[in-house]
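By letter and in written order, the chains are A, B, C and D; residue numbering begins at 1 in each of them.
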Amino acid sequence: MTINLITGGMGFVGVYLARELVAEGEEVVLFQRRKELPPAATDLKGQVKIVSGDISNWVHVVDAVRNNNIECIYHTAALLSTECKASPATCFQVNVVGTYNLLESARILGVSHVIYTSTGYAESLSPPKKFFDDTPLRPSNMYETTKFCSEHLGAQYSRQYDINFRGIRLAMIIGPTRQMSYYHGDYSGTIEKSAQGKPHTIHVDLSMPQSIIYVKDVAHALIALKRADSNKLRQHMYNAGGFTATMQEIADTVKKYLPEAQIDFDWDRSEEMKIASLADSYEMDNTSIREDTGWQPRYPLDDTVLDFISEVKAGKAG
Amino acid sequence: MTINLITGGMGFVGVYLARELVAEGEEVVLFQRRKELPPAATDLKGQVKIVSGDISNWVHVVDAVRNNNIECIYHTAALLSTECKASPATCFQVNVVGTYNLLESARILGVSHVIYTSTGYAESLSPPKKFFDDTPLRPSNMYETTKFCSEHLGAQYSRQYDINFRGIRLAMIIGPTRQMSYYHGDYSGTIEKSAQGKPHTIHVDLSMPQSIIYVKDVAHALIALKRADSNKLRQHMYNAGGFTATMQEIADTVKKYLPEAQIDFDWDRSEEMKIASLADSYEMDNTSIREDTGWQPRYPLDDTVLDFISEVKAGKAG
Amino acid sequence: MTINLITGGMGFVGVYLARELVAEGEEVVLFQRRKELPPAATDLKGQVKIVSGDISNWVHVVDAVRNNNIECIYHTAALLSTECKASPATCFQVNVVGTYNLLESARILGVSHVIYTSTGYAESLSPPKKFFDDTPLRPSNMYETTKFCSEHLGAQYSRQYDINFRGIRLAMIIGPTRQMSYYHGDYSGTIEKSAQGKPHTIHVDLSMPQSIIYVKDVAHALIALKRADSNKLRQHMYNAGGFTATMQEIADTVKKYLPEAQIDFDWDRSEEMKIASLADSYEMDNTSIREDTGWQPRYPLDDTVLDFISEVKAGKAG
Amino acid sequence: MTINLITGGMGFVGVYLARELVAEGEEVVLFQRRKELPPAATDLKGQVKIVSGDISNWVHVVDAVRNNNIECIYHTAALLSTECKASPATCFQVNVVGTYNLLESARILGVSHVIYTSTGYAESLSPPKKFFDDTPLRPSNMYETTKFCSEHLGAQYSRQYDINFRGIRLAMIIGPTRQMSYYHGDYSGTIEKSAQGKPHTIHVDLSMPQSIIYVKDVAHALIALKRADSNKLRQHMYNAGGFTATMQEIADTVKKYLPEAQIDFDWDRSEEMKIASLADSYEMDNTSIREDTGWQPRYPLDDTVLDFISEVKAGKAG
């Protein structure tokens, strides 16, 4: 039975990944700065071990890996976009030095697998903005830059040492408790608020197609990547998108299942919104991960909306 | 008059860059671990200021930049390939944390330009191995991985702050005192040893075309990049190759100018040599840097060999 | 007009120090991880500048000092005893590396004064537990160890560079919002709760004499130390105690001014309490700081209790 | 059979300690930046394992301890006085962060013993400059400051964890290959040069009594401290002096055994020399280490000189 460490284990992806691994009988250690499970994840209490630590402090990382005989690390911890922009120095310590601490700990202590969650680098795409595994990538902000460095550091430790480093580049993830910003929050927000009986006003362009993935599909993809025969994996990093939909389609689907939902629309045509949307309007090709791991998304639009609503109603949103 | 800091300032490229800047009347501070100029560079004594320090120690970097009112940093310091492989941990500290220390110091203290020397990432090229500015890059070892991270960190600080970060991806540099390894040393070694009246035995395939650049052309390219109108620079990183030649052509050219040269040939057909040569057999396209900066190499094969010989005879080789 | 940086500026001592400096017309920058003033310190809003940062990240420290032209640093930031014990690794980063970052920033950027708040190291005292400036000190836990290292690093930077590093070793500080633990919380707690109309139960030995100092006297001592003629300061570190009192005397004084106070007593004679009290039962001699700076405590027991009550009633407690 | 790591293992004390441990059948791993044994220590070739690394890089330290199943660390590595003064930043990294890396590695990986070599802090002594174990210590330069912090960090890890940290505060050590400075080099230098048939001129005051210890006695003391019943050790740090002698007595003893020795005398009465000598002119009381470990110095003046000469003649000096 594998013992897994999930960095950022109380984050959005970490919690769903933990639930999936626990359900399959694996052992899970959550590594995170905070000491207590968030309210939406109290179902994990007693099911997982919690280790409070700072990934940029090597002692915490080595201790977490060694004291728990970790065999597989799912590395989801990262400082997010806004914080990375506010302090590249903090971002570098958490996202780059943190990943390095993890890779060295894995090498030293014989961890077999490091599975990484990366991002889509979509801002730099040229139209028609379809993103294949071999599309040249151009990080465009501090967050993406540190994700990109982490991908390459991981790949190098995998080439040089006996560590199976793999990762996925993710489309826009949606699901309960997704931290929402004004610019990118409509996709999860419309569903979460509607399921909670609250009104929501959409600001993004209703007609823009967007590559989306449901958080449960992310958890499945990470696990599939870890369990795949590593000899058959042609790449270290794989695209992982779920389905493509416009905001209009999402709103329509919510209304199909929650006819009483109060969804308004007030398109923000400001320059800032246009810039923010550059990172959002793209499609993502999944061919390689499907071929190499057999994974495919189980949650197309309707299933995503239905499951999301039922999760919220089951108390898995704040 | 610009005050320049050259990291790795007593290295192969640093010394030639320093000579060029001094000749043009600029001020030069060499930043390096060692405290004394190497024997081949004693001509710089009294012409440059020497600051001994460790780039992975932030205090040394901030002190060097602040105490000398640095306006432009030429960042050539790096742990090289063999050492990076031997200890990725040292490599990470010097090449990644070192670059980060430099970028933060530049940001904090208002340095306008950071000019970087990067590498060709040629191992990953597919045949016919011609390398354009937009060829997708795949770092294949720890050295290349840290160079690649440094490029992207620099580009990000350039996007986010008022720092003109630019760099060149270099073909095989040749010139006096180039540190020679068995695998990659024939190109400089054949010329340097012949000019010193010593015999040299070539181990590489004589017929393999190789992209080469003379160290003086590297110095010119770095300076051209710094002086270019940054609004006209379309990229942060540019290819910089000089000319393409086979080892046979180099040997023939040496013999043309030094008929008494004792050059032998003993082709090493081992697997190791084949692998090492993967990084060597490519061509590099220079179109962008020529168009954007006006720089072009001044030293084709014959001029390289002639100048190299005259440098050696003038005491600029160990 | 001096520009001051207070590290840990939203802490218990930092807030009172800021109020005092602001009242005297000096400029104050608070440096702290959190971004918002705590509820009890909202009176400082608009009076001070807030810089959010992590003292163990050198970039944050250099930025804070440089961007604000800091001339004097009051260094009160520290990880406290319980957290230091829980993770010596975090403690080392914050308390030792943090102090080093500050000292190097002061040296590099020409900060004239660094004024430090240290601790009493009282656990190691032998009876009769009177603590003079020249009493040999023996740190007995991780917190004290890192405070002790910080004192000596500061003294060394003062000897070697043009930095006036001085500090005080403090008796038990009391005042509103003092973070209270079960073991050490009775001294402030009895007063704060009584002033809030809440009941409080005392667990410590009522008859044990304890060296106490009111937080306003701490602020005055730090400022006096900074303003003293540094040529007349014979030491880097000075004892600073206020008055000596037993818990019985404090409770009696509270009742004198708040006859309705509900103070109970339930002496905890457990071994843990005995051990915890070892650090508490001592007297502290103030001779040197009085002679060298002219400072002396303005708040003996009655004044302390009266002022403390009036602060709480003015909203300066949570 | 104990497996020992000696940090600074190719230094003056490290080499003699290694010889002693090897002679007693223990395993020895030398940890040092350089990769090759110094010329005077080639007798250790094949007898010890060499691990090249940087103590300020945690990965190197953890690797060295883990890959060799280390049970006991003798920590002799340190940046020395002159270098510490030149760059407190390098000094902090090597002497403080290096010790911290070692202590955390020991804690994490279950190393039982950490035995430390510290210094005498003699500059701060008041006349008559006799130095007992309980004499209050005042570090007076960066080197001593970092040694002092290291002592206290070690003691704290020993209190908090299952690590037997002990150390000795050493008088002036003499022996072959002792790195010699103008100010402090006469004591070893007079013997080493005379044994090599070279002339030596003494600059220090011939009549000043000095506490001295022969390097072999240092090795014995470190081993005795490690092997002592830790329950009987009353202190973490012990004084260790050998004998007290003046420079005149040393010179006379050399001439007794090497009548042809060319020893001149040219007393340097400069202010610098007076200051440097402040750290030299003291006596050191050994009572505690004798009582607690049974160790006592085997090499009084005559035996020291005789053995030193025979070591030099056996090729154990450069």
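Here, a residue touches a chain if its C-beta (ideal position, glycine included) is under 8 Å from a C-beta of that chain, and two chains touch if they have at least 3 such contacts.
Keep in mind it's a predicted model, so treat the numbers as computed, not measured.
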Original post:
Could you give the fewest steps needed to travel from chain B to chain D through chains in contact?
Top reply: 1
Original post:
Most remote chain relative to chain B, going by C-alpha centroids?
Top reply: C
Subject >> Contact-richer chain pair (by C-beta pairs counted) among C-D and B-C >> reply: C-D
Original post:
Approximately how many whole Å separate the CA-defined centres of chain A and chain C?
Top reply: 43
Subject >> Whole-Å separation of chain centres (CA-atom averages), chain C against chain D >> reply: 39
**OP:** Please compute the C-alpha centroid of chain B, do the same for chain C, then give the distance between them in whole Å.
**Re:** 54
Subject >> Overlap residues in chain D, where contacts from two or more other chains coincide >> reply: 59, 89, 104
Original post:
When you draw the chains as points and link the ones that touch, which shape shows up: line, ring, star, complete, or other?
Top reply: complete
Original post:
Tell me, which parts of chain D touch chain C in their complex?
Top reply: 85, 88-89, 92, 96-97, 100, 104, 134, 136, 139-142, 145, 148-149, 152-153, 155-157, 159-160
Original post:
chain B touches which residues of chain D in the complex?
Top reply: 53-54, 57, 59-60, 87, 89-90, 93
Subject >> chain D to chain A touching residues, read off their complex >> reply: 58-59, 62-63, 66, 104, 108
